[in-house]
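Next come two complexes built around chain A: one with chain B, the other with chain C.
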Partner chain A sequence: MAVLTDIFKSTLLPPTRRSERWKYSPISKLLNTSLSTDSEAINSGFSKEVDPNPVQGLEAYRLVLRNGKFDASLSDLPVAQGVVCMPMSEVEDGESPEFQNTYSQKEWVGELNESYHQDGMFLKIARNIKLDRPIVIHHLTDGIDVASFPRHFVRVEEGGEVDVVIWCSSTKKSSGMYNGLLEASIAPNASFMLEKVCNEDGEIYHFSHENIIQERDSRFMMHTFTVKGHWVRNELEIVSRGKGTDSIFNGAYLPTENEHVDNHTTMDHTSSDGTSSELYRGIMYGSSTGVFNGKVFVRPDAQRTNAFQQNTNIVADRGASINTKPELEIYADDVKCAHGCTVGQFDLDALFYLKSRGIQEKAAKALLVEAFLADVISSVPSTELRKEIMKIYQERHGW
Partner chain B sequence: MLKIKNLHAKVGDNEILKGLNLDVKPGEIHAIMGPNGSGKSTLASVLAGREAYEVTDGVVDLDGTDLLELEASDRAREGVFLAFQYPIEIPGVSNLNFMKAAVNAKRDHNGQPPIKAKDFLAKVKECSSLVELDGRLRDRSVNEGFSGGEKKRNEIFQMAILEPKLCILDETDSGLDIDALRVVSKGVNAMRSPDRAFIVITHYQRLLDHIIPDFVHVLSNGKIVKSGGKELALELEAKGYDWIKEEQNA
Partner chain C sequence: MKGTEEENLLSEVTEKNYEYGFTTEIDSDTIAPGLNESVIRTISSKKNEPDWLLKWRLEAFAAWSKMEEPDWAHVAYDKPDLQSISFYSAPKPKKVLASLDEVDPELLKTMEKLGISLEEQKKLSGVAVDFVMDSVSVATSFKETLGEIGVIFCSLGEAIKEHPELVKKYLGTVVPQRDNYYAALNSAVFTDGSFCYIPKGVRCPMELSTYFRINQAGTGQFERTLIVADEGSYVSYLEGCTAPQRDENQLHAAVVEIISHDEAEVKYSTVQNWYPGDKNGKGGVFNFVTKRGICHRASKISWTQVETGSAVTWKYPSCILKGDDSIGEFFSVAVTNNKQQADTGTKMIHLGKRTRSTIISKGISSGESQNSYRGLVQIHPGAENARNFSVCDSLLMTDKCGAHTFPYIEVKNPTAQIEHEATTSKIGEDQIFYCQQRGIEEEEAIGLIVKGYAKDVLNKLPMEFAVEAQKLLTISLEGSVG
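The block that comes next holds the complex of A and B.
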């Protein structure tokens, strides 16, 4: 049986545990599998297990991908003045986007995406255009030993505004790798909101990388929810390239059983007067394992930066664990930076207090979990999405 | 209503309650006094069902129910209420949501449907005016950033909402200013009824000037060593605990 590196050739070598960035997220098992982008789907058509529209009640445009390939019949793309939204495969040659990120030169995962990329969303929002509804990119993995390499490009011009949801699902019998990339550049005074949800059944190695470039006075807000996933690595890299940018990025993860969740974030302040606020919260159940690594760079020119970072974890069961590490590198003197990483248990005093008023254990824990997640989830722009995520968390963990 | 017989309890290897007996009838108010560290809060916690305390011997019977067999939440639903000596802060859980969940838990236990929003709000209004709890405090996270006195008021507010049959007040007077003490006592007195009983743990007579007990007990070294009427509290205030210890040793 061929190993992965024989099928997907690359100049960069796959990461090993010797690399600091991959120490707690080894992929040796994945490397011994033999995957293909042409694996046959288990279901003909979209699987019945998964609704093509993942967030019921959410009024949104939709771009549906199955195993990295665009499904026109299930998609509903916006047609509006000043908005270009189409699958990458339909972009005319002269129009094709120029990706600026260097991920493909830095990481094996990135190089694979660059070499083997499939379809994805190409989105341009013209000056001062605000799209009326969010766009949901729904990626379904459905197949055994399948590899998918979706790739998305977003450009929001000056004063423009758009909200994108990336939702990943997978059928129960599926296995393989999802390797997705999104690059967005946000022009001066423009806004980009991104909500990313991984809700995958089956045994998928899920790599997703977002690369955000922010120009002067632009706003970026992202939420990363790992709702369900066998092995998930979320990478987010934000570069602030102009004065006065604002970046908010929150995340929540509640893995259970033998799931693995890894969040790696980098916030790079290269210009002055920027603010960034990062809040990641996790509850580790069962025998799950987790990683959080948050890098914040404040470069010499980034005076008057205000950067906040917090990662809070509850280890709910004995067998679970998480490794968390903040990394701040500050080269400017007039800055405000606050950060904190904690790992703890459910607050037994709080639990007793709630129970002493007649609230039963399960309901009491639900109140505590909701309170714990509230700061992360309350800033999600759409109520429907917020509700759907809480609903799945609740169903999964039986509150 | 409540019968405690030969109660022994420990934390880790540390035996704290060492054969405690107490009998409380409906409508009565029992004050429990005693030196620091004698086991008063431990008794309260054991009655409320805190798991850190292990009961090694004895019986606690509440109207025919073996209380020690029940989980904390079931005890509360049977009508036990503990006003904490140190109320817990729970960031992110709103006081009102908390009370609504508690009210509905009890209603569920009694086979009743969830309370109507209108009825709940009326109840909240009535109970918060009873202890003069500031409206803003009701809407905030449970006890978060409350002053010591505000926390105690909030305990009695919760007690009024839940209408328990056995109310245990652990040093509710500590941290209250003179006016607050009067207000909180007024709230407690308003809740007195022929089928409700109170166990009031305190160090000071001044609370008992407002909430007049039927019995006063002295808890020392894990046991009730002396019981009497309300005049016992005055005697303790004047003489301290040494004379009781001497009496014990004699």
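The block that comes next holds the complex of A and C.
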């Protein structure tokens, strides 16, 4: 059986445990598999297990990808003045976007995406245009030993505004790798919102990398929810290139059984007067592993930066573990930067309080979890999405 | 104008010369530079060491030869050329030292400049000083007093001769020969250091103190300290250092091992003021130190450090909390100025049940320096109800310096409670304004704020050290912090 590096060639070597960025997330098992971008789907048509429309009740445009390939019949793309939204495969040669990020030069995962990328979304929002509904990119993995490499590009022009949801699901028997990349550049005073949900059955190694470039006074808000996933690595890199940017990025992860969830975030303040706020919360159940690495850079010119980072964890069961590393690298003096990180348990006093009022332990714990997650979920802009995320978390953990 | 005032203050700091930059002229017995197996054999034979120790050194050397110098720390420097360093330098013994009169007058002068003349120490402070000039201990005081209660406090070389069974039992048990690049190097070539043994149930009546000095130009200093506190004992150990001004980089790769047996307590305090290099970052000491202690049941190790010197610091005093109910503490103030670089912090390894650890780290960066905190809190699966509390604050004095925080937290037990918080900021203008309003000059106000900022740590120092530490803090940041 051919190993992965024979099938997908690269100049960079796959990361090992010796690499600082990957020491808690080994991928040696994946490297011994034999994947293909042409694996046959288990189901004909879109799977019966998964609805093509992941968030019922949410009025949204939709772009559906199956194993990395665009499915026009299930998609509903916006057609509006000032909005260009199409699958990457239909972008004419002269129009193809110029990706600015250097991920493909830095990491093996990035290089694979660059070399083997398939379809994705190409989105341009013109000046002062606000798209009326969110765009949901639904990616389904359905097949054995599937490798998919979606790649998305977003440009929001001055004063524009758009909300994108990336939803990843997969069928129970599926296996393989998801290697997705999104690059967004946000022009002055524009606004971009991104929600990412990973709800994958099966055995998928999920790598996703979001690269956000913010110009003067732009706003970016992102939520990353890992509901289910065999092995998930979420990477987010935000570069603030102009004055007065605002970045909010929150996340929640509740791995269970043998799952592995890794969240790596980088907030790079290169310009002055920016603010950033980060909140990641996780509960590790079963014998799962959680990894958090948050980096905040404040470069020499980024005076008057105000950066805040918080990571809160609960290790719920024996056998579960969390490795967290919140980092600050600060090269400017007139700044306010803080991070906080905790690992603990459910508050026994709170649990006792609820139980003494006749609430069963299970229900009481569910209430506490809901409260724990509320800080992250409550800032999601759309009500329907918020409800759906809470619902699938609840179903997953049987509250 | 405030702006120019600040500039004046800044230039005062940056032009500040190293106060302890003097060299003592003593005949030294130095071997040719370079490192190979025969150098290790020479060191061992010069010190009349037993065979087991030579074997131990050679094992370390073999391990070291296969290692690469680590580069993960957040520091940038030209790696020292180990082949140009002489690995042994001892002041020639003139006579066996029975009284102070026989001590080299040059040495006595040095000690006076440092403010620790033996007479004074003996008479007034009640501190026993094991004075290390370069690599060999030449004067030890209070030995008799300590001997009466069974405390052994001597140079490591002496301990190897007189208490070989103790040294053999404990040497390398906390920091093994092949632990890391610099620890392996130290294990292979260490020349001397201090040894301290506190017998069962003894509370050491005085603070044990060692002054280190790098003296010979071109001599690497490889100290090795071994502290053993037997069951139920207590000791407070002080280590302080200053180094003469030199233009070439000097390497200091020390190892400190602490064994704290059941219900024992060891308090280890350091004031580190090696030569930091001049304002352009020329010269200065490379301080690559491995310090680690192991705590048995219900015992405690407390590290307190005030770090103001060295061009490059790479130092993580750690605690292995092996026994149930053991406690580890780390209190640190690290000041960097000019082009200094410090990457320092701690490791708390929780293995036993109900183990607790506290980390308080205060970084102050000025000039164009880089100051990093790097720490690890690790809770192993068996460490029920372990508890850790960490605070890492950084204060930035100029717009060219950097302050960084790299805390690693690894938890494998569901009953652990870990809290970590870190903040980075400069001194608030409102704080200074408040002081000024009440008639306190700006410079004085900054000094006040910085001392208040570092108070949590300074308070943990023994009296004798607290005074010196405050002085050092002031000297290191004079101008910008009062």
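We adopt the following convention: the second predicted complex is superposed on the first by the 399 of 399 C-alpha atoms of A that agree within 3 Å, B and C clash if a C-alpha of one lies under 4 Å from a C-alpha of the other, contacts with A are read in each partner's own complex, and residues count from 1 in each chain.
The rule is simple: contacts are C-beta pairs under 8 Å (C-beta built on N, C-alpha and C of every residue); 3 or more make two chains touch, one makes a residue touch a chain.
Since this is a predicted model, take the numbers as computed values, not measurements.
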item: Chain B versus chain C as contact partner of A:A371, first or second or both or neither; value: first
item: Touching partner for A:G94 - first (chain B), second (chain C), both, neither; value: neither
item: Chain B versus chain C as contact partner of A:G398, first or second or both or neither; value: neither
item: Touching partner for A:P326 - first (chain B), second (chain C), both, neither; value: second
item: Touched partner set for A:A363, first chain B, second chain C, both or neither; value: first
item: Touched chain A residues, chain B compared with chain C; value: C
item: List of chain B residues in touch with chain A within their complex; value: 48-52, 71-73, 75-77, 81-82, 84, 87-93, 97-99, 101-102, 105-106, 109, 141-142, 158, 162
item: Residue numbers on chain A that touch chain B, as the complex places them; value: 347-350, 352-361, 363-364, 367-368, 370-372, 374-375
item: Residue ranges of chain A in contact with chain C within the complex; value: 20, 300, 303, 313, 315-345
item: Chain A contact footprint on chain C (complex, rising order); value: 72, 74, 379, 381, 394, 396-426
